[in-house]
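Quick notes on the structure that follows.
Should a chain be cited, it is by its letter among A, B, C, D, E and F, assigned in written order, with residues numbered from 1 in that chain.
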Amino acid sequence: MASLPAPDPSDQPDWNLRHIVDELRLSREVRHKIRYLDRIRELPSREVLTNVLTGLSAALFPTHYGQASLTDETIDYFVGHTLSRTLDLLVEQVRRALYFSEPPDALDEAELRRKAIGITRQFAAQLPAIRAVLVSDLHAAYQGDPAATNISEILLSYPGVKAITCHRIAHAIHQLGAPFCARLIADIAHSATGIDIHPAARIGSSFFIDHGTGVVIGETTVIGERVRLYQAVTLGAKRFPVDDNGVLAKGIPRHPIVEDDVVIYAGATVLGRVTIGHGSTIGGNVWLTHSVPPDSNISQAKMLEE
Amino acid sequence: MASLPAPDPSDQPDWNLRHIVDELRLSREVRHKIRYLDRIRELPSREVLTNVLTGLSAALFPTHYGQASLTDETIDYFVGHTLSRTLDLLVEQVRRALYFSEPPDALDEAELRRKAIGITRQFAAQLPAIRAVLVSDLHAAYQGDPAATNISEILLSYPGVKAITCHRIAHAIHQLGAPFCARLIADIAHSATGIDIHPAARIGSSFFIDHGTGVVIGETTVIGERVRLYQAVTLGAKRFPVDDNGVLAKGIPRHPIVEDDVVIYAGATVLGRVTIGHGSTIGGNVWLTHSVPPDSNISQAKMLEE
Amino acid sequence: MASLPAPDPSDQPDWNLRHIVDELRLSREVRHKIRYLDRIRELPSREVLTNVLTGLSAALFPTHYGQASLTDETIDYFVGHTLSRTLDLLVEQVRRALYFSEPPDALDEAELRRKAIGITRQFAAQLPAIRAVLVSDLHAAYQGDPAATNISEILLSYPGVKAITCHRIAHAIHQLGAPFCARLIADIAHSATGIDIHPAARIGSSFFIDHGTGVVIGETTVIGERVRLYQAVTLGAKRFPVDDNGVLAKGIPRHPIVEDDVVIYAGATVLGRVTIGHGSTIGGNVWLTHSVPPDSNISQAKMLEE
Amino acid sequence: MASLPAPDPSDQPDWNLRHIVDELRLSREVRHKIRYLDRIRELPSREVLTNVLTGLSAALFPTHYGQASLTDETIDYFVGHTLSRTLDLLVEQVRRALYFSEPPDALDEAELRRKAIGITRQFAAQLPAIRAVLVSDLHAAYQGDPAATNISEILLSYPGVKAITCHRIAHAIHQLGAPFCARLIADIAHSATGIDIHPAARIGSSFFIDHGTGVVIGETTVIGERVRLYQAVTLGAKRFPVDDNGVLAKGIPRHPIVEDDVVIYAGATVLGRVTIGHGSTIGGNVWLTHSVPPDSNISQAKMLEE
Amino acid sequence: MASLPAPDPSDQPDWNLRHIVDELRLSREVRHKIRYLDRIRELPSREVLTNVLTGLSAALFPTHYGQASLTDETIDYFVGHTLSRTLDLLVEQVRRALYFSEPPDALDEAELRRKAIGITRQFAAQLPAIRAVLVSDLHAAYQGDPAATNISEILLSYPGVKAITCHRIAHAIHQLGAPFCARLIADIAHSATGIDIHPAARIGSSFFIDHGTGVVIGETTVIGERVRLYQAVTLGAKRFPVDDNGVLAKGIPRHPIVEDDVVIYAGATVLGRVTIGHGSTIGGNVWLTHSVPPDSNISQAKMLEE
Amino acid sequence: MASLPAPDPSDQPDWNLRHIVDELRLSREVRHKIRYLDRIRELPSREVLTNVLTGLSAALFPTHYGQASLTDETIDYFVGHTLSRTLDLLVEQVRRALYFSEPPDALDEAELRRKAIGITRQFAAQLPAIRAVLVSDLHAAYQGDPAATNISEILLSYPGVKAITCHRIAHAIHQLGAPFCARLIADIAHSATGIDIHPAARIGSSFFIDHGTGVVIGETTVIGERVRLYQAVTLGAKRFPVDDNGVLAKGIPRHPIVEDDVVIYAGATVLGRVTIGHGSTIGGNVWLTHSVPPDSNISQAKMLEE
């Protein structure tokens, strides 16, 4: 067979691949090991959970998030089929997540799958109730935003609605015992909306976040009914308690309690396990680290405005 | 045919699907009904409008947002074909949106389609003018950011440029009578950039937003020529007027007027129908609820810096 | 062949396409020309660089960002193959980017490709070191967030981790001489996370950003080891120096130096070439434009809290 | 802006596109016009009809052609949803096809759509009967092929089964008045299997074609119950009758009648309106242009074997 | 909320879906039941096996069927990664297929998976040997076709090469105990090439089929070394033995033995357990049902040519 | 970190990958080497050429093979844009193909690309003429098939039309000097239609193949005007001349000449450099190896029919 002059090396790049691959293996296995258990486990998938969110949204609001052309005759088949596919996906993600919340000696495969099915079945049973509270949120958005013209616009284009939809799903999954899945769902919502709600936060009905970019709602926050937030509001922790070994204590109540009918304007920061009494209004950019009684009206000091 | 022991129920999950599907139908039709009209209508699609934005961007800046390999010979075919496909998509979305802005008794299908075609044709005719003002925005970005090194980098990587491109398209569609489409386009931009500009806001040429995350520009805002904003600036409403029935009045001027050549630094909040006089500079984190004369230089009170 | 009445014009829309295409060409070529050189060049592609980021992330953390089912036997093939495809993509993007950073008279095609291969080869050699510092960032996240429960959750769901992963890649590419590519990578991360880090910024190991939305880190920022930031922190420029012709001077140090072991809480703004001494804590919403000595503890003036 | 030497023309190919586009338009509009009516109509789409076939196959045999993981609980939702989507697609294709079978003065849009819906509704109602006869075909295949080991293998891998499935669907659509759609479905099957059955051919139950490549069954063929064919069998026309003007007469019976329980071996050719009596066997490569009585056993002349 | 006149029923088609879905369920479960076992099992997937074929072809001939741009440095990573993914896919398909070849009381899930892994591991070990014999087939094609100009053209464009590649893979899988998978692979090749080779057929090295459409090679055929076939050759069964109950006996040798160095021209039909002696030539369209000694030269009777 | 019992090896299959990869490399590089030159070259891609065929078909018959919704206003943009993309793809495939038809010492990269552009430009210029002759073929199909009802049906569903469309494109590319590309296009058509036409065959206008499966037309065949073929017709070589070394001589005329107005019925075989005189009819299954004068009417010997 014919011969050809050796090609210019710059045309066939030599990446020194073998060396890099070896170094990366060394990094993974010896130098900078991060594997939790000795055994490789399949991790929950952000992509699949994104599909789960799409499927659940479509099952809850079929003509808005599913297929616009559904009719009275076809809609139940769509809902049933969409749920069936979505719950199958969710079971597998929950199963993978359980590796991380169960003690290592409980990692029996069949048991984990049974547990994942149980969690998913309980979650599915809650969907009608989740839809009910989401409709209360939609009405809150319609009433709270003078620029809103109809419910469909709110469902399709309000980031605050997307965020609370994801949160109500994530919160249910968190409560049922699959916090890793819940966390991923929360971050999918965060990436799409700029609104960061920890899945453990408890939020009452008729909740509305307007604009929303930069909102942060921490893990142990409790929010009542008919609360309204604006962009860049932080409901955060003031400080992080450490245990006797100087390790951060996890799960201790450290975020605000916001009672019913509170409005918090853009950029306000509320830190620590304080209580905002019902009916209060917190002004924009306010910095608040103590409790306020019901019907308070807190605004920034006057001098700031000059 | 052969028989097999009944499978372990945990392997074939039983979701109680029929019950959930029935409950969701009850929720949709009776308990938590949100349908605006008795008849199902096809809603505008966020996905299709995302494609419309991609197509319009490609038609306006073909080598940057379309095909990098276009030549003088092929570019017009690309532009014409891309526009043709994109306008076809847009007509259908505008048609769907018109259901929401027209009175219910005007919902004649043929008439709606004719109207949608008319709106789309007028929109298409504005594209060269939209390109002209976008080029002024690009030059403003180049001059306003010391880190910018060339126009192509700005076109491809500046969120502020993406936001204003979407806004100029959304604003034109809003003005022509398809506000639902405009709102969806604005939210697509918001999700990608963290910049939330209501499509009704009026913004002059040579406009630049740097970094941009958290910027909010309200519905009745008016912005002049050569204005520059930084991240987390809010041009918002101070309070929401209610009518005699306590219902939020919609569409009333309630956001700031920002005159020519104003710069507003990061985190500043300007609320209400106030006027920032031309040539003014508003400092970072400033909270402003009254008008300021031309050439003002507003900054935070000194004590804040200590 | 059969004839048919002329269709209703409203059914076959006439967009006046030829006129619009001509106007857009006139805009591109004459009225609002933005082309840098007379010759059309292929621009770097945001889509391809997104794939490059996906590929590099998968090579660095194969079971988290690549394929969950990898085994000890298959993982090196995955890493090698993924790197091979990804580096091929990157070479082409770097080559396109070089048009913008090289002087016009250096635009010899073969030379540019050789240079692009050289840059990519050097970049590839740094990947094990990049992985090492990213693992330090992961440990910092685990120790810094009381809500974190395991490293996998942090890798998959923390926006701050995504942002710093992209930054460490972008920074390496920037330093090696392809700043346009680096800028696009930074903006891809910004769009996904709301965190805007200029690729030129220098950031030490064990770095953590919590929540992250609205963080801005400017071009000439220098950050030490073990620094922690919260959402909406700005490390920005105070003013932009202009040269004798009033043109913005580019590249001059104008952003803060943050020394080792500093914590900066949410919403704090630090502007100008100031130094935050090691071990300092900067409180939420603080506005800071001067240097502070080591171990400072800066918080907002008291009156703000009432 | 900087200038650059004109590129080597061979790098930026000049296709003389404008001239070619003009010539092609001239060819379409003047020189080699093939348009049936003066008005452009949307044609049925081969791609969409391929999806229709996929959908119908999945509705008929859900676990074989749809989703392998269906359970008793989910299967009806799958079938209902799949049918709903598929019938929507089919309506549109039938509507487009009707332009070609209706007289030009009947082309009222609303009427055509109503008619398309009516045809599709009637077709849908026949699906259970179509399934019944297809199951008879499956049993015929199982009994007729010594290499067959189970029904699932036959459903998934026998080209004869794919061909008859498509034919039974195409035939129903043909009979209901949408022959253009039926023809496209027949050609999709032909391309996949090498078996060419005209959709107008009438074929009884328990029909089996083994191997199948090269089988041709003409437009006016009539086939009884329990007939078996092998590869390369032709049931064709002997000659084409012309009318008084020498034009081919269309639709006249000109293909064979094959009665019940006939077997025709590979490569046999039967031409003209002849009748193969019930129970007959036609040997391989036989060339037959006259009728044969029941229970005939026709084989090639002996000398051929030597 | 506003009301609207009931829509024209023809616009919202009513398919009578519930009735059709019920009838189809009745057909599946009662009237025309085809399920082999009472329990639903997941069937092998034609789509996945198509991907398996693509993957195996790429592993065997990486630059032809995989990635054209592979280099000496990257090719092994490509081969290893491609094999890894493909074998994972194949294991699952083999597992599903085993349900059909194992006795029902052997259907223990874990055992089936272990067995599937064992089969796949043995198959993988044969790949180098499969490649060796395929290269002999390529050389046979190059030497046998005067129109062939190089090996690459043969690999990329000869249907006979695609067919024998699939057959050698299918045959190995068949011999290892997964005949259902093998059958599907054979039919994928049949659909693409018009060449139908039963996976159980035994074929020696340096085998070549030219053109190929209509070739049929039956289950118990045995073919020696250096055999060449042309289009429409049938190596079939003459009659099907039935057992005492009149049921087709399966697996009995009933197809030809073709010894080394035989050429069979287009359209020839060889039926039954006959032997074509080595070195023989069988002419086009010959019909042969008895054995012929070595070095025979069989052609059609003379009169046929006139 | 926690420890876990070693997993059951059967769950994490060990493929012995390293050994297989090494064996395959040895097979590629030493034992069964097929590489033509020492240097790896990128091969033409079947997938890309499939896209080229799709693009060219769409440019030639835009509403049939392109977009059904094109209007007079948009069609030229579609055609121009489609051609532009398609010719770009074709240039690259021609460039790759040229490696195989040029002598090794001519393999200068820039020269090859220039030559590929030249070939593609000449090909593009022939497209209007190709369309003209294809329209003659369409009319021949309409007149030749009594089952044909309109030209659109023929364009969309006749395999003979697809085959001749591909052939006219492949033949032009073959004649211009890129035979490898032409061969791949011919095989794409063969796989889709069962019709195998060598790209070098010369075929006059108004050509029609009905049904088509199994048709083979050899490399040096010459076909006149208005010829009609049916399924399974072979125009082949009788024997293959060998040169003095016993090597097959390539390119020598060895296939039939079919003059104007000939009809050849199904299954007929014509072998060798014979001439079928104009106006002749060749009957089904006829075996012909000598020339016949004009207006011959050849049919099978009578005895075959009984």
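Worth pointing out:
Note that in this section a contact is a pair of C-beta atoms (placed from the backbone, for glycine too) under 8 Å apart; a residue touches a chain by one contact, two chains touch by 3 or more.
Listed by chain with UniProt protein names: A, B, C, D, E, F = Serine acetyltransferase.
Note that the coordinates shown come from a computational prediction; the quantities given were computed from them, not determined experimentally.
Looking at chain A (Serine acetyltransferase) and chain F (Serine acetyltransferase), the chains in contact with each of them are B, C, D, E. Chain centres computed from CA atoms place C at the largest separation from chain D (Serine acetyltransferase). Comparing the chain pairs A-D and A-E, the larger number of C-beta pairs in contact belongs to A-D. To fit its Cα atoms onto chain C (Serine acetyltransferase), chain B (Serine acetyltransferase) must turn through 120 degrees, a value rounded to the nearest 5.
As for how the two copies chain B (Serine acetyltransferase) and chain F (Serine acetyltransferase) face one another, over half of their interface residue numbers coincide. Remark: chain B (Serine acetyltransferase) and chain E (Serine acetyltransferase) have CA centroids separated by 55 Å (rounded to whole angstrom). Between the Cα centres of chain A (Serine acetyltransferase) and chain C (Serine acetyltransferase) there is a gap of 24 Å.
Put simply, the C-alpha centre of chain C (Serine acetyltransferase) and that of chain F (Serine acetyltransferase) have 49 angstrom between them.
In chain D (Serine acetyltransferase), the residues that touch at least two other chains are 12-15, 17-18, 21, 36, 40, 69, 71, 73-74, 76-77, 80, 83-84, 194, 213-214, 232, 267, 285, 300. Interface residues of chain F (Serine acetyltransferase), counted against chain E (Serine acetyltransferase) in their complex, comprise 10-11, 13-18, 20-21, 23-28, 31-32, 34, 36, 40, 42-46, 96, 100-101, 179-180, 183-184, 186-187, 190-191, 194, 196, 198, 200, 213-214, 216, 218-219, 232, 234, 236-237, 240, 248-252, 254, 267, 269, 271, 285, 287-290, 300-301, 303-304.
Remark: chain A (Serine acetyltransferase) residues 59-60, 62-64, 68-72, 75-76, 79-80, 83-84, 87, 91, 110, 113-114, 117, 120-121, 124-125, 127-128, 131-132, 135, 138, 143-147, 149-153, 155-159, 192-194, 211, 213-214, 231-232, 266-267, 284-285, 300, 303-306 touch chain B (Serine acetyltransferase) in the complex. If you check the complex, the residues on chain A (Serine acetyltransferase) that touch chain D (Serine acetyltransferase) are 69, 73-74, 76-78, 80-84, 88.
Taken in their complex, chain B (Serine acetyltransferase) has these residues touching chain D (Serine acetyltransferase): 12-15, 17-18, 21, 71, 73-74, 77.
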